[in-house]
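What follows is a pair of complexes built around chain A, which joins chain B in one and chain C in the other.
Let's turn to the complex of A and B:
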């Protein structure tokens, strides 16, 4: 592995380490497909994993995309076709990642497909497992009159496909969006697009109730104006949550829109009679995404989304070098953003692997094996998975060792080691240097 | 004639990010900046941290500028404008006017990234809001600079801390009357973050936010908005006028929807949350490059899902010149443009120097 080395400063050398140029992309939705395509353009061979029987992802369940005139189908299908015809991409459907060992430049992965386990090696992994919409709804009203946004998307697909379905659309539809988490902006945008779609396809009356209309995206202000001019009624709620009760004929939703208030004390309380109520479900990381977080040992945020290393400096990087994120797995939903991010992830992979080898500073952090009690504190505290435990011939733990190619030289293990067995060897960080400067 | 792999037009956050992206792949990059220094509007912003980081990204700009200045693959030409571009992908000839010496220079390059940015909306186009006629009416950008330079919030008229401050949202955005029929995407965030900072600097400060819809997209911002609602007053109405009365107090007139009529309220400082408009020279630049200037002045992309692409092969868009973006969005967009450029350049020539971890 190493036939080139050069001393940089006390004890730190540069070593040339080979990296595998094959890339694993986990998830065959929009982000995964785009990342894979861009990687092949940069000259990489890609293995693309998809748990479903065919690639495409959750975007295929949408009836349309806001802000874009093209059909969501077309956007994805063109990419699926391009992937199928691309000899540099190996697509594994009905497949999931079940094991990962190794480190950046040389990950060894186990993939399960149709009861078989496939072993594979790759230099980098891109997670593009997307997001999922839950079906669970807050318990209001009768279940047949209350549906999720996801179910509405399904009905709109039916509506688009056949004329007869159009007459079956309820005549008064109320969509509610509440301000919660990162997904409220997404539901605000999709409520507007779906309200407009219903208006165009049927004679139904459509009401949208939300705290804030999300217009911070391409084409959203136009969408908002169009929806209003087509007769979609928008109520902006402030201090009162919408109240739903069942009536003899359907549902009655009471909302308070203060802009409808009038002099003389009327508070702007409005009762909307409707026969279909659409409530927002939560968007979450899908189950296979959650298991992937454990498998890859990468961080997630308080809402469970994959956590980028630094939102500005390293927006598509994880806490582990060589593992990247793209798309909905970070809670993104805007198609433009997702596609830009996929390109960004491809660029990061390229800058990491493009040469097939890297110059790695070795020995910046060193473990004194004679002091190491193998207590595993460093192993647990390292945010970058850059520590392994050396084992002797008899299988006994010998000492901790730093994996230089994955190490960010952050110094956390140095500070955490109870036996003081780990040292930063870069000049200004050795104990004696720190003592002098203090 | 100097040769380069990539010319980046504009040295704001998008331009420097794109340049760094290509330089990491060891391609040689020229940044052409028309102003005296790189940094753009991002370098004028203040850190909005209080007891916690508010993730405004202002610090990131300074970091990136340092990286660009010390990167051996990147050359920076300041006070320089692009006058003409000829040739085609892989072989562009760029003629530049360097205003320092008033001399023309030329560059050959294989690819171009346009990162010419935006301009803040000129609030004088809304004369009823009193900008430049009332001393204590400032724009969000004015307040950013004030906080960045002095670390405090003060009324321009007498340098004293305000006790009642109003933030007026959507100035120059979502406004069909002036032809800006879009949301600028940054103003809700910067206004609330600055209002929060002002309240932490002046704990007695009374804050009112006049708004249409608060744009809460983005991680963590929703939680922050909820805490703002506890300490600030949110008024869903855009004021019709701001008038200065004798004592330098500002009378804000707006429709109180709960009362159903116009009301007047007095503040001692008003901040106009100005949005983003296309750069003044965007149309000229579009003509020089042969790209689509777009209907509202932000460069248009012929393929709706590829916002980096232009009608000309070998020329890509990065950042707010394509449409309003915050720092995070500009960085992501610029990395994507860099990927396009690197992908194009690597199909022509691979660079053999080895990357250092």
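Let's turn to the complex of A and C:
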């Protein structure tokens, strides 16, 4: 505190502002469930929203998980059970968020459930809406011989269940991991895992075509070695996309493995004959995720993923204080990462709301109400939604006001204000001080 | 003897200021550069830039974060527009538009920071000598 009063001018003081200790978690998938569980352990009351009829999310469609003990549904079921038995969690299924007002510590949210609108208040919001895999595949002409990675997962479930399905598995299977706009990290792990599973369950030959085998995750390097030793063939593609053509018996995929090429001689062109081609599908933000971005007024990246505030320093925070992201909605797909993020989000919420009070520096940025013309420029330009408009008792707009608890003191509103009505009070950033240092 | 151009650099606390380093850092900044630290490059106002020129700067650089990595989301885009506006205004009054520029820089890009400053100094150097020569001639012809 002393340190603070040294660096900031005396006009700034610290105040304790009460915050609501209820937390809203949007999305009942793996990330949402984990966040809710961790939050209750830290002593928070949680409202969990799920658009589907029951929580669980898209992880239930996976046949197995690499590197984690237990099947995916078991992993989720245990969490669902824990949530159901926990009195601190209120689960709303078939519900979605339709309105958000207010600011960190006191969000007012409207939730639509079965045609009814429920109003709720919470101190923080965690978005864990997950991701969606599109069904569309890059055209190859032969739909029955070309499937997506997701469809392969479905077939693997069948494969594990009965012996007869195993004999029906095609004898040559080619998995392509990348395509334009599809991240290799997204499918590297699942392709290796599935290739290994096929190899163990049937006598098929499995080929994996991949630009970079992405093994940046715990247990992935081992998975890769295991797949290699079990006889999965991995081709490394560099400059050429795999070419697919139909033959009488199946498909022929031509790949160029530059690491196999002889310098000056053979170019490394290899033709793989296969009966089944697995192509990567595009992972996208679900439609309700997109509307949520507008609703919450949070920024997203060029692919539409919820973007973190600062990738390295603040991995789960959004540009608005009090709103956090976890899991698939950020374009993340590794189960361990998702669980880690969920824990991270819960801790960030704890950091923000603990004790039900928050120490906030007040008066770092001040609005001169007599100069303010209520042109709303600051309201529009504030990246953190930290400006509100004061209204007098007749309902007329009076002036802008800085919401100190949400303000990051970046000074953008100061620079944008056409009437020069907003000033920064921190010593070195006042207009006259800037002029002096010039 | 020709004097060095005076440069004022507005530096975002999250990128430019860190790239500039402090006094103890190995590669010291040239004497003709003055650093002003700002909480976000988006908080640099038009009047601040013009104020720097008024106070005798020959060139003004604004250092902000790379696009997409601004801590305050849109600050760097806003100041980019503002710098463009100042450059246009300078051009209208007969100055060279290259006297003011926005440079995206990351906190670790210390070399980029110095290169950009050197670039700006180089651009400005010829201008100011031409300008001062012109002023000198006028004063000679004046009574």
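Just so it is clear, the second predicted complex is superposed on the first by the 409 of 438 C-alpha atoms of A that agree within 3 Å, B and C clash if a C-alpha of one lies under 4 Å from a C-alpha of the other, contacts with A are read in each partner's own complex, and residues count from 1 in each chain.
Just so it is clear, a contact is a pair of C-beta atoms (placed from the backbone, for glycine too) under 8 Å apart; a residue touches a chain by one contact, two chains touch by 3 or more.
It should be emphasised that the depicted structure is a prediction, and the values quoted were computed from it without experimental measurement.
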| item | value |
| --- | --- |
| Partner chain(s) touched by A:176 [first = chain B, second = chain C, both, neither] | neither |
| Partner, of chain C and chain B, that touches more residues belonging to chain A | B |
| Touched partner set for A:337, first chain B, second chain C, both or neither | first |
| Touching partner for A:259 - first (chain B), second (chain C), both, neither | first |
| Touching partner for A:301 - first (chain B), second (chain C), both, neither | both |
| First (chain B), second (chain C), both or neither touched by A:346 | first |
| Which of chain B and chain C A:384 touches, first, second, both or neither | second |
| Doubly contacted chain A residues - partners chain C and chain B | 301, 311 |
| For the chain A and chain B complex, residues of the former touching the latter | 14, 16, 38, 41-43, 68-70, 75, 179-182, 184-185, 212-218, 220-222, 225, 236, 238, 258-263, 267-268, 301, 305, 311-313, 315-316, 331, 335-337, 339-341, 343-344, 346-347, 350-352, 354-355, 357-361, 405 |
| Chain A contact footprint on chain B (complex, rising order) | 21, 24-25, 55, 57, 60, 63, 174, 181-183, 185, 188, 213-219, 222, 225, 236, 257-261, 304-308, 323, 327-329, 331-333, 335-336, 338-340, 342-343, 346-347, 350, 352, 354-357 |
| Residue numbers on chain C that touch chain A, as the complex places them | 8, 34, 36-40, 42-45, 47-48, 51-52, 55, 57, 68-69, 71-75, 78-79, 82 |
| Contacting residues of chain A [partner chain C, same complex] | 299, 301, 309-311, 319, 381, 383-384, 408-412, 414-416, 424, 426, 428-429, 431, 434-435, 437-438 |
